[in-house]
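These notes are about the structure you will find just below.
Letters A, B, C and D mark the chains in the order given here, with residues in each chain numbered from 1 onward.
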Amino acid sequence: MVSIAELMITCMAREIADGDMVLQGLYSPMPMIACLLAKNFHAPNMVYFNTADTIDPEPDFVPFSTAGPKLEERAVAYIPLSDVFDLAQRKKIDLIFLGAAQIDRYGNTNLSVIGDYKKPKVRLPGGAATAHLCAIIPTIIWIPNHNRRVFVEKLDFITGQGYLKGGQERKIKGLDGGPKKVITNLCVLNFDEETKKMRIESIHPGVELKEVIENTGFDLIIPENLKVTKLPTERELKFIEKIDPHKVRNIEFTKR
Amino acid sequence: MVSIAELMITCMAREIADGDMVLQGLYSPMPMIACLLAKNFHAPNMVYFNTADTIDPEPDFVPFSTAGPKLEERAVAYIPLSDVFDLAQRKKIDLIFLGAAQIDRYGNTNLSVIGDYKKPKVRLPGGAATAHLCAIIPTIIWIPNHNRRVFVEKLDFITGQGYLKGGQERKIKGLDGGPKKVITNLCVLNFDEETKKMRIESIHPGVELKEVIENTGFDLIIPENLKVTKLPTERELKFIEKIDPHKVRNIEFTKR
Amino acid sequence: MDLKEAIGRFVQNGDTVAIGGCGRNRSPMALIREVIRQNKRDLHIVGREKGMDFDMLIGANCVRKVSFAMVSLEEFGLAMNFRRKIEKREVEVDEHACYSIISALRAAKMGIPFLPIGGMFESDVLKVNKNMKEINCPFTGQHLVAVKAIKPDVALIHAHGADRYGNIITVGPPFEDVLMAQAAERTIVTVEEILSSEEIRKNPYLTTIPYIYVTALVHKPEGAWPTSCDVFYDSDDEHIKLYAQATKTEEGFKEYLDKYCFEKEE
Amino acid sequence: MDLKEAIGRFVQNGDTVAIGGCGRNRSPMALIREVIRQNKRDLHIVGREKGMDFDMLIGANCVRKVSFAMVSLEEFGLAMNFRRKIEKREVEVDEHACYSIISALRAAKMGIPFLPIGGMFESDVLKVNKNMKEINCPFTGQHLVAVKAIKPDVALIHAHGADRYGNIITVGPPFEDVLMAQAAERTIVTVEEILSSEEIRKNPYLTTIPYIYVTALVHKPEGAWPTSCDVFYDSDDEHIKLYAQATKTEEGFKEYLDKYCFEKEE
């Protein structure tokens, strides 16, 4: 039995190519495990940066806090996050995983406020690296709760730059990088090359297309041959279980 | 018998007040020894920075290269020179010792070229920290060869900012710091408070006023009661001998 | 020096205070609690990705303005004091990205009034934040964002070891701790262990924050509790969970403060 | 990898080359000699306070342009090749102060096209250098100097130890070595010792230049000779004196090169 966390982690790991320089941020349990998974399977030469300021740690198990001391174990070096951001500014970072409280059809994200900025209904935590990095490097957005409160027609605030108003606007405005995929608990999404509108790439096993449509507050592009998300292999699952005996991977789904 | 190096070193050391943050640069043998002298005598709480990127080293003897490994011994920390310059930019550094190939009556210095800049008669080594630091922090200029080729009416090139054209010009231009003293093999010089013209503070024992005047290519202000430079004490001399058994202090006077 | 004297002498009402650590790791919690006990007011707090430290100071009414890229209790939920005070407009918001906070501190460390950076464009964060302005490179014309320096009056940091002169050794991640110490006018550091001066002079390459940046040193083992301190201890997640639950109401937070701050002897 | 392959593959004619070390300390001399043996041309060399390394490259006609704050043989006199070639106008001069060189490299490291600094005003260096421009802060109006980034194509560095992946440990002064490695597109490092990966992973806080910045690693004991390498060896001042005397004439320098560079096996 594959849990949704395990499936999402595997989807994230598969976005990492061998040799990529990848950054995992704070409160990013699934990306953390995805990085370790990728490095131990198909991407041994990836460079793994994280919020514990280390490079390529080899912890025997993962911590709950994704900036926690366990992520220092057997690292080859410390690197302050500032230096990683410098590398990003030089377009040397290939990927970062970012979250979103709201997302629109063009992959713009909100992590700042629900309601009016000056008089918010809900003050959210803030976007961390989002507003800087989404303008310059490729990103993967992960969303553990695919529903209409998250997938909205219009954002209350743009923290993270997606494809802005779609089409070539992002390019015209001189931004680099941009959202490559959105990985949720229901499906994997990408963006149409022309319009930059969100498109279903694959639906997770057991999920109905209807479920995805109903839980999305805007129209998704549905491709002709809808794929089913590839499951993790037995070996991948075993690795996840080994590296995460305390089920850190589930903390976005179940209360601790 | 006190050597001229020992006298100049003592003069430099006396410009360091307890608690000062002081930087010694490259090819600065006498300032290096002056810093160690001051720290071991009247200024135990000074902070000693140097071109070996260390803080407060306690070498058993001084190296010939003033960025040499001996200056790492028993330091409390390494600090890249970039961080020291950052401190200078925040006006936290109290003093740096700088040299000069030419100097004018207002303490402007040339370390770049003799002759035309684009077609120089002599291309000099360059000012190192000079052009940046002379605009922002107090400086002491040391000159081991007080003569008319060095003390000139007009510079070929202003590397280091002194009092510019004198009077209040430096202040008007918004510069901070500025040259406090010029310490030579003949005398100690300072600057008139109003005109910012160079003035004799004291003449070294055994040197005639005439000698100073003849070796200076512009008119110096001569105060009414001309002082004689204070000699190092026996204890100071002993310390210099102990810390400098290889006579690094003399390399600006005699060939190695 | 003890906590009382360090905070009493070196943190003033109205100060801009940079706070070390990241998330629930190596926050200077003993110093934070002392700031609250001494009822400091109108602080402008500055940090990159913060948690309970910021939330406590805000909840205890110490804070006028908050400069941040993220404030959260991670899996334990929103930082409720942060949320409440901003929704009530009782705290001024200076919202940043991680890198713009870092750049603001780097500018202060370098003694320059701004630093140009190459991201942020088209984010509403850039639109609402008056401390960022779009500029062009004087050489290349490249479109950039100027980030205004944030100069901390004081930095609060927890570290591993130091000699009595304040030469600090950290063996864990630097976070913004070193940068904050370099950028601030004054720096207060709590440490797990006091080392001899001889140990420091034997291995000067281990010193991460030289004494020249350190104003006050307090020997305070477990000074980061309930956050983690690398090789010394992990975060006390049970306690942070308790905090998250307590702060769901203002009353709950008050009870928490009474028990774990005002009545705590340290 | 050996010297030949490292320089052959990663240094191209016309490259901007940042060179580590300071004065006669920890210059990457074996790499410098290999650049000369391979007859690289039109290089733009960059460093803060340099000596024999710059002078040799200039004398061997490898250099088109030199960015520097000082080039000197200290007590052994002027760097005569540097002097001659500039007086003959055969090398382009990009004269800096220490801090503006550092700032130009810092800008490259950060990926921004310029960095503002707060000194240099009223120096003729500012007047003659086209890579510095006076600007005003967009927030405060403060008068500043913008220093244009210098992006090295390659950095040459000598260090103490590394594992075979290129995680570098330096225990001496950082000089600009770390900054150059971070700023450059490619970095070539010679080291005194090769360490095991296990040693590196045991103490990650000792790694000063992580492998991500290192393109090529060459195990080259005494790779800094005749300059110093901290705990390993001091500078060979007799040899530097010999160099200073040889370079008094162009013929003398040629003989020196033949004997100590072209005929040297390393």
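As a convention for this text, contacts are C-beta pairs under 8 Å (C-beta built on N, C-alpha and C of every residue); 3 or more make two chains touch, one makes a residue touch a chain.
It should be emphasised that the depicted structure is a prediction, and the values quoted were computed from it without experimental measurement.
Interface comparison, A-D versus B-D: the pair with the greater number of contacting C-beta pairs is B-D. Farthest from subunit D, judged by the mean position of CA atoms in each chain, is A. Subunit B and subunit C have Cα centroids lying 40 Å from one another. Measuring from the averaged C-alpha position of subunit B to that of subunit D gives a distance of 27 Å.
The distance from the centre of subunit C to the centre of subunit D, with each centre set as the mean of the Cα atoms, comes to 37 Å. Contact with two or more other chains is made by residues 110-112, 117-118, 172, 205 of subunit D. Counting partner chains per residue, subunit B has residues 54, 72, 78, 88-89 touching two or more of them. Every pair of chains meeting the touch criterion is listed here: A-C, A-D, B-C, B-D, C-D. Contacts from subunit B toward subunit D in the complex involve residues 25-27, 29, 51-54, 63-70, 72, 78, 80-82, 85, 88-89, 111-112, 117-136, 157-161, 164, 173-175, 251-252, 256. Across the interface of their complex, subunit A is touched by residues 22-25, 48-49, 68-72, 74-76, 78-79, 82-83, 86-87, 89, 95-100, 102, 106, 117-126, 128, 143, 172-176, 178-179, 228-231, 234-235, 237, 241 of subunit C.
Here subunit D touches subunit C in the complex through residues 110-118, 131, 133, 135, 137-140, 142, 144, 146, 148, 171-172, 205-206, going by the rule given at the top.
Of all the residues in subunit D, the ones that touch subunit A in their complex are 109-112, 163, 165, 167, 182, 197, 200-201, 204-205, 207, 210-212.
Residue ranges of subunit B in contact with subunit C, taken from their complex: 21, 47, 54-55, 58, 72, 74-79, 83, 86-91.
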